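Here come two complexes built around chain A, the first alongside chain B, the second alongside chain C.
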Partner chain A sequence: MAIEDDVLVIGGGLAGVTAALAAADEGTQVRLVTYKQSTLRHASGLIDVLGYTPDGEGPIVDPFDELEELPEGHPYERVGVDAVRDALEFFDDVVGDAYAGGHTDDNALVPTHGGTVKPTARYPSATAAGVASAPEDTLLVGFETLPDFEAPLAAAHLEAAGAPFEARGVTITFPGIKRDDAKVTRYAHLLDWDESVDGTTGARDALAAAVSDHLEDESRVGFPAVLGDDHPEEVRADLEDALGVEVFEVPMGPPSLPGMRLEDVLYSALEEKGVRVTSGVPVVDYETNGDPGRIDQVIVDRNGADVPHHADQYILATGGLVGKGVSSEREGVFEPLFDCYVPHAADRYDWFVDDVFGDQPYARFGVVPDTELRPLDEDDEPEFSNLRAVGGVLGGYDYAAEKSGGGVSLSTGYVAGKRAAKQVGE
Partner chain B sequence: MTRDTEVLVLGGGSTGCGIARDLAMRGVDVTLVERGNLTGGTTGRMHGLLHSGGRYAVSDQASATECIEENKILRDIAGHCVEMTGGLFVQRPEDSDEYFQEKLEGCRECGIPAEVLSARESREVEPYLATDIKRSIKVPDGAIDPFRLCVANAIDAQNHGARIETHAKVIDLLRDGDDIYGVKVKHDSGPGKRTHNTAGSTEEITAEYVVNATGAWAGQIGAMADLDVEVRPSKGVMTIMNVRQVDTVVNRCRPKGDADIIVPHETTAILGTTDEEVEDPDDYPEEQWEVDHMIDTLKELVPILEEARTIRSFWGVRPLYEPPGTGTTDPTDITRDFFLLDHDDRDGVDGMASIVGGKFTTYRAMAEDITDHVCEKLGVDARCVTAEEPLPGSEDMSILNEGMDNFGLRSPVARRSKQRLGSRAQDVLDTNECNPVICQCEGVTRAEIRDAIDQSGSDLNAVRIRTRASMGNCQGGFCCHNMANELSHEYDEETVRAALDELFQERWKGERHALWGEQLSQAMLNYALHATTMNRDNDPANGSKAVDFGAFDGGRVKARTDGGE
Partner chain C sequence: MSDAEQPTDSHIPGTEEFEPVDVFPEANEMDLRPGADNCYKCSTCDTNCPVAEVDDDFPGPKFQGPEQWRLKRQDDYDIDESVMKCSNCLRCDSACPSSVPLSQMHNTARAEYVEKHMSKYSREYWRNRMLANYRRLAPLGAMFPRTANFMTSLPFTGFLGEKILGIAGDRDFPTFATETFRKWWTKRGGAKVSNPDKRVAYFHGCYSNFNTPEVAKALVRVYEHFGYEIMVPEQSCSGTPMFANGMLDDARRAAETNVPELAAAIDDGADIIASCSSCSMSLRQEYPELFDIEDIERVSANTWDAIEYLRVHEDLEGALEGATVGEEFDDFAYHAPCHARNQGLDGQTVELLGLVDDVDAYDVGDSCSGISGTYGWKAENYETSMKIGEEMFEHMEHAPADTGLTECPTCSMQMGHGTGYEIRHTLEVLEAALVGSETGDA
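Coming up: the complex of A and B.
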């Protein structure tokens, strides 16, 4: 017998979780099915809304000034500006103190491990003290065993970017790290559990002691984002007390602790709101019943067994090219689950341009939604009456260039969740 | 008149570096200039095949014989650049029995060990061969790293007193009447090691004798002194797979044709190739059909190639030459032999020779012939020792043996590092500094990256060819930035940024040709990491317009962990 729910969300990234939470908020029974680890652990943990226009203008101070101007078909245009605002409020409620930036519409400029700054709308509270738009002199601290962040270089890069403060970087040995190729989680766990590094001193004190020798009159100290996985607030508070200055994290590349922490917060919220989560299983097929324009059930492959999952409404949140919600072969680009229409040039040599950071057509690959977020077929008709698409699987925008990935996931997830819930039983 | 150097070699490919090494070892004062990085022309754009000679055993037995001789020499003098994989000439049912027999006999006539394997035996060697193949001939083909080999020649030349100038483009030949006496070069930065954003200078370098070893570019150099060098550049595509679908060189056993070879190379396999004459070796179309042709034809030998992931494609330009009047129309019919054009004999212009044609496997023998010629011109009487003296890195290969020091590295990283560095491993890896892995795909550590930086300056592509960092599956998405970080100990931020941008763009150049399936996903991930997270596409440091930081969100007042506002 099929597993029965009101709303079934396929995909467990930021967009899918938001959709599930928004639908559950309306009192419907929601299930979220995920296959692989979400791409959140690749992401910096920053929630961008809009940093640059599609024409490359920016950095944008207030994204809400520009959202109205986006071209027809852009996911933000599909959901409307108010929905973006509502979705951000919804996110702020879900994550609570874990995130900052909700006190203003304006973007912050946040230093990342590449050294320069990027505009973003919400940032982990661990990063809040480090925003580059605050004119506070800064000491950046890197670790010789962590080649991903070169603090003196990052400091010089911040100055080259015009940051309004003095930045200085030092590279130190991280107390208690024995292997030169230790994973970032190893650093985090040393600090989480304040493990002794020499028989007596805990990792937090030892790290603070190693830094304090280098601290001059800077009012804040930035570390690569390894300051705890389970107890980041405690770790940071202890370091701040020991150093007497503010401490912040610089977001890093994968595997990203801020991304993993966000994932933890979101999955706790799913549990609280009673969303049923089935993870580690792929959706492999779908079935209709009589009406070819309506999904009756989807088939989940559970260790080789086909398990039908039935719901009234479905939300496709399988991600873009990275998350494999959009696939390709030499001959074409497609949405692999429901075979929704994905516009693309017939010649694959028209999928890219020669400048690596140019206006890349492949970055815009994805399904085309109507204003209800239902994927449209080639003739602009909804593929299915009860399927909505959210986040990275949507096409028509380049989240990397615009710095809009987080905001699109939140706003489309939020709108699709609400609308799906409302439509249940109609 | 005193000259700056006795011999000036133009071109830092395998031929030029081989000549520079040979001359230097014979005690001749030599300077080599190369417009880009070493291997930047054709040497760095080949499939990495160490020929057994089997390929030429029917069509060109002189070349075949020379190949097997040089094959053996390179195993001795450049063991750390060679992997003796063995090779198969595979016959499909539609391929001619007569040709198969000719190939077998040709190999034997040329002294190439050759053994016929049945279809079953062939598939025991290479399980992914198509089930309908007929049989194969086993020969001692191998894989060779052209980058490491070429760089090792240059290092050894330097060790014997040579001056090697990369990023030094020849802008004129110095000619006085019927005598060529040097060149004028434009240094990208320097002279000396390349440093981005450092002003270059022009320099006149005078020499007793000039050797034009610029291969496909030899015609352009000749034209600077009104000399006709009728080189016929011919392009060929090579497509790189993400894993080694084969561990043996797999050749198609038929007379000639495109897309007939798969070479296992380090962590990858390389499919090749095409053969099409082009006008300009710097500007020719790189076309989709060529890539498709590799996959669609070679899958007849190895069917899993159809669904496999390619990580990039690149094109090389052969420096083919045939004497005027030969009139060959199909470039595949042009000889692979090399020609030494003595411009004194040929054009009545003294002081220069041009080298054209030839092939990578026999670079050393070519260099020996040319060096003999130059020595004769200069009246130098010294014996060639390049066939006996090992190259730097291959002096003592016992380092590769089991049970040797792993230098504190995890075993896969240690093994691969030692294979690349050979006998230099101890010097490079035995460090008291911490030594994290910089490139995960290829297992390259900080110590190896810094050793390469010491050799080559701020040019990360030069670091790449020495170490393989950024040449694995992620094509640098995860490590380009870390490689650039390692430059910061010697170079300023602006230089590091320029070097990173250049490497990232170079990686993209080849990746564009592999943009479907898994590699398109990888490309999007790389783009996202560099644009979304690092904002490298819109870095205010590169912008002309200053950013008004004060207009942006300055964070909560005192955003302390107690949450106080």
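Coming up: the complex of A and C.
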């Protein structure tokens, strides 16, 4: 007896969660298995669709103008432009007010913690007041104990990048933080709970007071993204009231609060839609039964015991080289779970080019899907009739250079979830 | 990276053939180097640590694990005493995207700290040793349960416990059952079902033997309902409270009893099942990580959570579909213990009770209960423990249920202490749904 579901999704990042939600929407019983806690904690929380063309042209104003032009084999070409629109609409429905950007097809330009500007399709509402296209003078505030955000440097970088406003950065002490290496969640919870920092003053008032000394005639203030974990709206509203200007967050590297908040929203949606989530244990193997082209069950390793999980349809959402959905050794590059075909040069010295920021072949490593998103073998035949692949494990695109990771995860996850659900029982 | 240091990844086909060059002689003992090297310092573990979240003096798992291990390579660095503040919840393990064996590193660092830096004459040492060795004290309580329960219920006892031993005076000592599970089992004449094809050996642990035999009895009835022959081998403590207190020698002694007994049961055709999520966690993960005892890997690979085992080996879902529990139970506020979460079992109870007609379990969220075994029993940790638990208490109160449900004995104590609710075990509910109550309205 295996643990039974209709659709089994392997991987708990943006692509896996989207696939699970889309399949559950069709009324099927879905289980999502994730080896470790969701990698959304590593994500900036920005949902990009396409910031630059594969040739490096950009930043792109309207990504939908460019999607049609993408080469055959690119994940967007596989699913089609309409699916990208549908997937974004699906995402907007799930996240509601927590995100902005759905009012236009055009990319927004969001300042990052390095002071660069990232073209992105959707962004957390906490970031909305900070978009670089708004000609509003800006004060960036960093904290002595949070070296990941160097506010004066980020401000100078923004100005150098030609932002249409004056930017200034200051570094202050965060009231109530006692450790030099305090966790980002510690900052967030001080503000969430409005903890008293000196016996009388709450953390929100104390922070506003510390900033107001530095505020000149800027009309908005940007903070590193630590303004609350459970109650970010309240925290921001209180700071805006106290300072009398707009307040926004600058997305940060891992561990990232906007990523965690997105994780919370998406995992709550999974619970609401009745998706079963198993986390903390890896899928390590699969079995077929008679037909070698069909997965019968997968094996989950629970601290040494093999626990079989059976479903009708499977979705592979294990990520790319960083997420370990694609692995390499000296002899070759491979997909470790189902051993799906991953095209790559025979000589490993051809996997990379010397220019670090050049056109790196390894960045495009991944499985090659048909338009149903089924991974194909070397002869262009589906590896399995009931396996689809989504997100980072797909090859044929360089998400870091194109700024397309979020959109590819959403659209392939959405399409695979819908189609898998439809195929259940066929 | 040289070949000698190539980290192995058990999920990559082909790595089995890799033979490392033995350049670090100490690697023959317990080599934590690949684990430390795997850490890319993303700090995800730190954001999951329930202690670091509420205690500014605790540097978090990233420091306690890989960073401290690296510092220890220098001769002039001793284990930092803050390692004793780690509650051993193991949340860092499931948070780490890079398979750093954080809890293993914490367990070894804590053992070294206790061994080298904690005075064997200190009150803290003896208090910890006493808490860790509950298995040795409990038989006394169980021998005279009424006297023991009366004594521990006196406010004076709590006061003395706090003043003399440093045990949190606000906590109520667990009540001893008037008859232990093992006594009941013997009196009953042992197994009622004999079946060489379906055998399980039950690792009941200390708590369901001395304090909640109703959980152990529920397990027996459910398993016999499915036609299993149950063995109840000799056993000692699983070691969980000993790991958490850095008493690795005590834990090893207990393991040296458990492993051969359980291995013998496996030889007789049984799989091992446990009803306590920390016991199964210990046998499955911590045993092979920390000890090198003959058969320990085999015991680990054949140990199961009792409910998970039924789900995989029987049509448990089919049996529960549309079943009823009757008057005995109403809806539950369910808390998934950290040690169940680490085995991927945190969704199991809610999934299964969803099939039963007249009862629902509401998950009260993924926060830690805060007691973490013996941790919250120490006077100096009491406040931190209750602060960690606050989120769970709130969610329990908001859930539309007045009874708590969990698989961990100490989480259960904390849930009861924080809310005043009665707390039950999932196996008791399964018993009601599948077998009916003892009077037999199945």
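Just so we're on the same page, the second predicted complex is superposed on the first by the 426 of 426 C-alpha atoms of A that agree within 3 Å, B and C clash if a C-alpha of one lies under 4 Å from a C-alpha of the other, contacts with A are read in each partner's own complex, and residues count from 1 in each chain.
Following the convention adopted for this analysis, a residue touches a chain if its C-beta (ideal position, glycine included) is under 8 Å from a C-beta of that chain, and two chains touch if they have at least 3 such contacts.
Model, not experiment: these values are computed from the prediction.
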{"item": "Contacts of A:Ser327 with chain B and chain C, given as first, second, both or neither", "value": "both"}
{"item": "First (chain B), second (chain C), both or neither touched by A:Pro254", "value": "both"}
{"item": "First, second, both or neither for A:Tyr399, with chain B first and chain C second", "value": "first"}
{"item": "Chain B versus chain C as contact partner of A:Ala134, first or second or both or neither", "value": "first"}
{"item": "Partner chain(s) touched by A:His42 [first = chain B, second = chain C, both, neither]", "value": "both"}
{"item": "First (chain B), second (chain C), both or neither touched by A:Ala2", "value": "second"}
{"item": "Partner chain in contact with A:Asp347 - chain B first, chain C second, else both or neither", "value": "first"}
{"item": "Partner chain(s) touched by A:Val184 [first = chain B, second = chain C, both, neither]", "value": "second"}
{"item": "First, second, both or neither for A:Leu215, with chain B first and chain C second", "value": "neither"}
{"item": "Larger contact residue set on chain A - chain B or chain C", "value": "B"}
{"item": "Set of chain A residues, in rising order, touched by both chain B and chain C", "value": "42, 181, 254, 324, 327, 329"}
{"item": "Chain B - residues contacting chain A, complex", "value": "288, 292, 295, 408, 410, 413, 433-438, 446, 478, 481-482, 485-486, 488, 492-494, 496-497, 504-505, 508-509, 512, 515-517, 520-521, 523-525, 527-541, 546-556, 558-563, 565"}
{"item": "Chain A-facing residues of chain C, complex", "value": "9-15, 42-44, 46-49, 52-53, 56, 59-60, 63, 93-97, 281, 284-285, 288, 297, 300-304, 308, 311-317, 341-347, 351, 363"}
{"item": "Parts of chain A lying in touch with chain B, wherever the complex brings them together", "value": "42-44, 46, 48, 51-52, 56, 58-59, 61, 97, 100-101, 103-104, 106-109, 112-119, 125, 128-135, 144-150, 152-153, 156-157, 160-164, 173, 180-181, 233, 236-237, 240, 246, 251, 253-254, 320-322, 324, 327-330, 347-349, 351-352, 354-357, 360, 362-363, 399-401, 403, 405"}
{"item": "Interface residues, chain A side, partner chain C - complex", "value": "1-4, 33, 36-37, 39, 41-42, 178-179, 181-186, 189, 254-255, 260, 271, 276-282, 284, 300, 302-305, 307-308, 323-324, 327, 329, 331, 334, 336-337, 339"}
